[in-house]
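Look at the two complexes coming up: chain A is in both, with chain B in one and chain C in the other.
Our next item is the complex of A and B:
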């Protein structure tokens, strides 16, 4: 879902670059509370894993169209929403600067859609679902599947909003058509995202449940999240 | 516990390297959801270049950097499998070094003697039976 150069105009891309930078700074401040000696290498792994899986475009039901993982839900489940958003942002920066994937001028837009919107939507759902669903492998898998699927559709609508603000080709008022196409195709891609996310998180939870952030942070018995250690000091 | 976490990270990295280095060659080469939606209204040739019509992608511009690894291949390597594999392996390693490096620098480090407090708090947060 990487936006190439020339799709959105410069001023809008610039505004989103500033917004994304501010949001990422906030993620650093909040994420530091979670980042300890154990989470830091895990977050590096999550970024590297997302890079790898983003290379694996899979076919979807619509002929001639493929999709790939975005990774927001996966990162939010494994390392939390703040560090998770930073993980996806690291991937997008490497892709833009080294692999020519997504324009450098479009980086703010791409970070907004995939790293910020995708992760935020996923974590809101994760926080809700993990509290109501049973603490079983199935409960965790359903949480991962649903949050991943929805996060992809939300990210796709982020693009539609940006296109409405600064798209370079006049669609003649047919923005609804673009929104519908994007939502439909990303619903299908979201199914793939959901399956990959659920499989990966279920595997980690089976081997090392202590490395799944969402299982540590969201306890069903305690309605208020345990304050992060860093906040006490 | 720290050693065991690094062990898990090493195994995870190996999986990522296999995915990016081998499985990536079997990935679909069709345009992704966004690219295909942006081409709606245009006609394209076999190479995916726009030949006519009107669509949101028609004003697309060249990437500003490009570089030797652009489009997930290594410039100068003609063997497509090898080119994709090598770019994937380099990408995974680069992303890990950048990511782990940044997160390691950002990690929480308190003044003298915070380790005990950290460990105690961590034990509190962990469900019984899953500690280390």
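Our next item is the complex of A and C:
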């Protein structure tokens, strides 16, 4: 999904950079409230995990972007939408500055697609699905799978929209084809991402449910079992 | 887990570019890239000028051409797309060696290859001459919000934790009779991803608590922040590259 320098024209990249900056500022303000002693190391680990996972990427020939896992849903589930978006954005900034993955001038577009669109779509779905589905490990896994799948496809369509606004080469009638290729490839990626997200979140929720941000808001703290005084009579 | 951990791309040699303050280098690199992207694609000579600038900085920073070329392979997906564009593009067509190619597509392909390569080379030069620690300090001095630098610090630290933990789990599997081969390795890995995450988190949490008990307050020690901040001279030295690039870009805009 990383857009390289020169694929989208300058003015559109500038507008999206301003948009991304405004949205990230809002995330910083909201995220400060969330970030406590438990969430700080988690945010770092989620970012490191996403960074490692995004290393595995492959070209999508007819689109000019690379295909790989995104991690927006994982971030939204484990650290919440605000800090989650910041995590993905940090990954993208470091990749652009140091590894040359995704152009620096296209950073606004990349952040909009992957950090903002991906995380937002995932979190809206998570919030909705967790209310509807039964509160079982299976329900959580299904939520994670579906939200990861949808968020990847939504983020890929963000690129198509940006190409429509300011692609540097006129593809004529091929824009529909571009949208189709992107959606198709990212549906496959989304299945892989969904499986990884679901297994990771299910394991974390089983052992340390206190670490899953998405479960905090919903579940009232279960009353601690009080040991009967004097033992069993 | 040493503090001054260098990443894989860092080249440890003394050079004037290495000694430059990180915030000046980051700013120069970002401005250079923006100037390159803003250049009209028909101005072929401008891109030659940028390439000379990159070569000069690489020579000054003692970064080898071979290393740069090998590392810029990350760009390959985009280059492949660029080669497809002349066939996909619409509009006016020309005959080249018996193939009907779109003029707009040819320019588009060139645009992506030239601007993409220059961007990748610029960021590789930054990576080769700046340690991870300096990079974070540079971002901090550029008034990056603390929550962002904090996440970035932990991300770069925990990458090593994650890799180390994955290696330990692999050794544990192999020593219990698992015989991973190329693709089949995936199954064992996929089954262990959740466990890997938890183990890395618990190790990372201990690292974090150890940092807290040594006085960490969300920011790296003040001693690091103060020492080596860019002087006016350093800003001037770093500014030569973006100023040259912006003048080339301005000339290209005026001339085409």
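Convention: the second predicted complex is superposed on the first by the 206 of 233 C-alpha atoms of A that agree within 3 Å, B and C clash if a C-alpha of one lies under 4 Å from a C-alpha of the other, contacts with A are read in each partner's own complex, and residues count from 1 in each chain.
By definition in this document, contacts are C-beta pairs under 8 Å (C-beta built on N, C-alpha and C of every residue); 3 or more make two chains touch, one makes a residue touch a chain.
All values derive from a computational prediction rather than experimental measurement.
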| item | value |
| --- | --- |
| Clash or fit, chain B versus chain C on superposed chain A | clash |
| Contacts of A:68 with chain B and chain C, given as first, second, both or neither | first |
| Chain A residues touched by each partner, larger count belonging to chain B or chain C | B |
| Touched partner set for A:1, first chain B, second chain C, both or neither | first |
| Which of chain B and chain C A:35 touches, first, second, both or neither | both |
| Which superposed partner A:91 touches (first chain B, second chain C, both, neither) | both |
| Partner chain in contact with A:195 - chain B first, chain C second, else both or neither | second |
| Touched partner set for A:10, first chain B, second chain C, both or neither | second |
| Partner chain in contact with A:44 - chain B first, chain C second, else both or neither | both |
| Footprint overlap on chain A, comparing chain B with chain C | 4-7, 28, 31-32, 35, 37, 40-45, 47-49, 51-52, 57-60, 62, 64-66, 83, 86-87, 90-91, 93-94, 96-101, 103-105, 168-169, 171, 207-208, 211 |
| Residues of chain A that touch chain B when the two form their complex | 1-7, 28, 31-33, 35-53, 55-60, 62, 64-68, 83, 86-87, 90-91, 93-101, 103-105, 156, 159, 163, 167-169, 171, 177-178, 181-182, 185-186, 188-189, 207-211, 215-217, 219, 226, 229-230, 233 |
| Residues on chain B engaged by chain A in the complex (per definition of touch) | 1-2, 5-6, 8-9, 12-13, 15-17, 19-20, 23-24, 27-34, 36-38, 40, 54-67, 69-72, 87-88, 91-104, 106-108, 110, 114, 117-118, 121-122, 124-127, 130-132 |
| Sites on chain C touched by chain A in the complex | 7, 9, 26, 29-30, 33-34, 36-38, 41, 71-72, 74-78, 80-82, 84-85, 88-91, 104-105, 107-109, 111-112, 114-116, 118-124, 126-127, 130, 135, 145, 147-148, 150-159, 161-163, 190-191, 193-195, 197-198, 200-201, 204-205, 207-208, 212, 218 |
| Contacting residues of chain A [partner chain C, same complex] | 4-7, 10, 13, 28, 31-32, 35, 37, 40-45, 47-49, 51-52, 57-66, 83, 86-87, 89-91, 93-94, 96-101, 103-105, 168-174, 195-196, 199-204, 207-208, 211 |
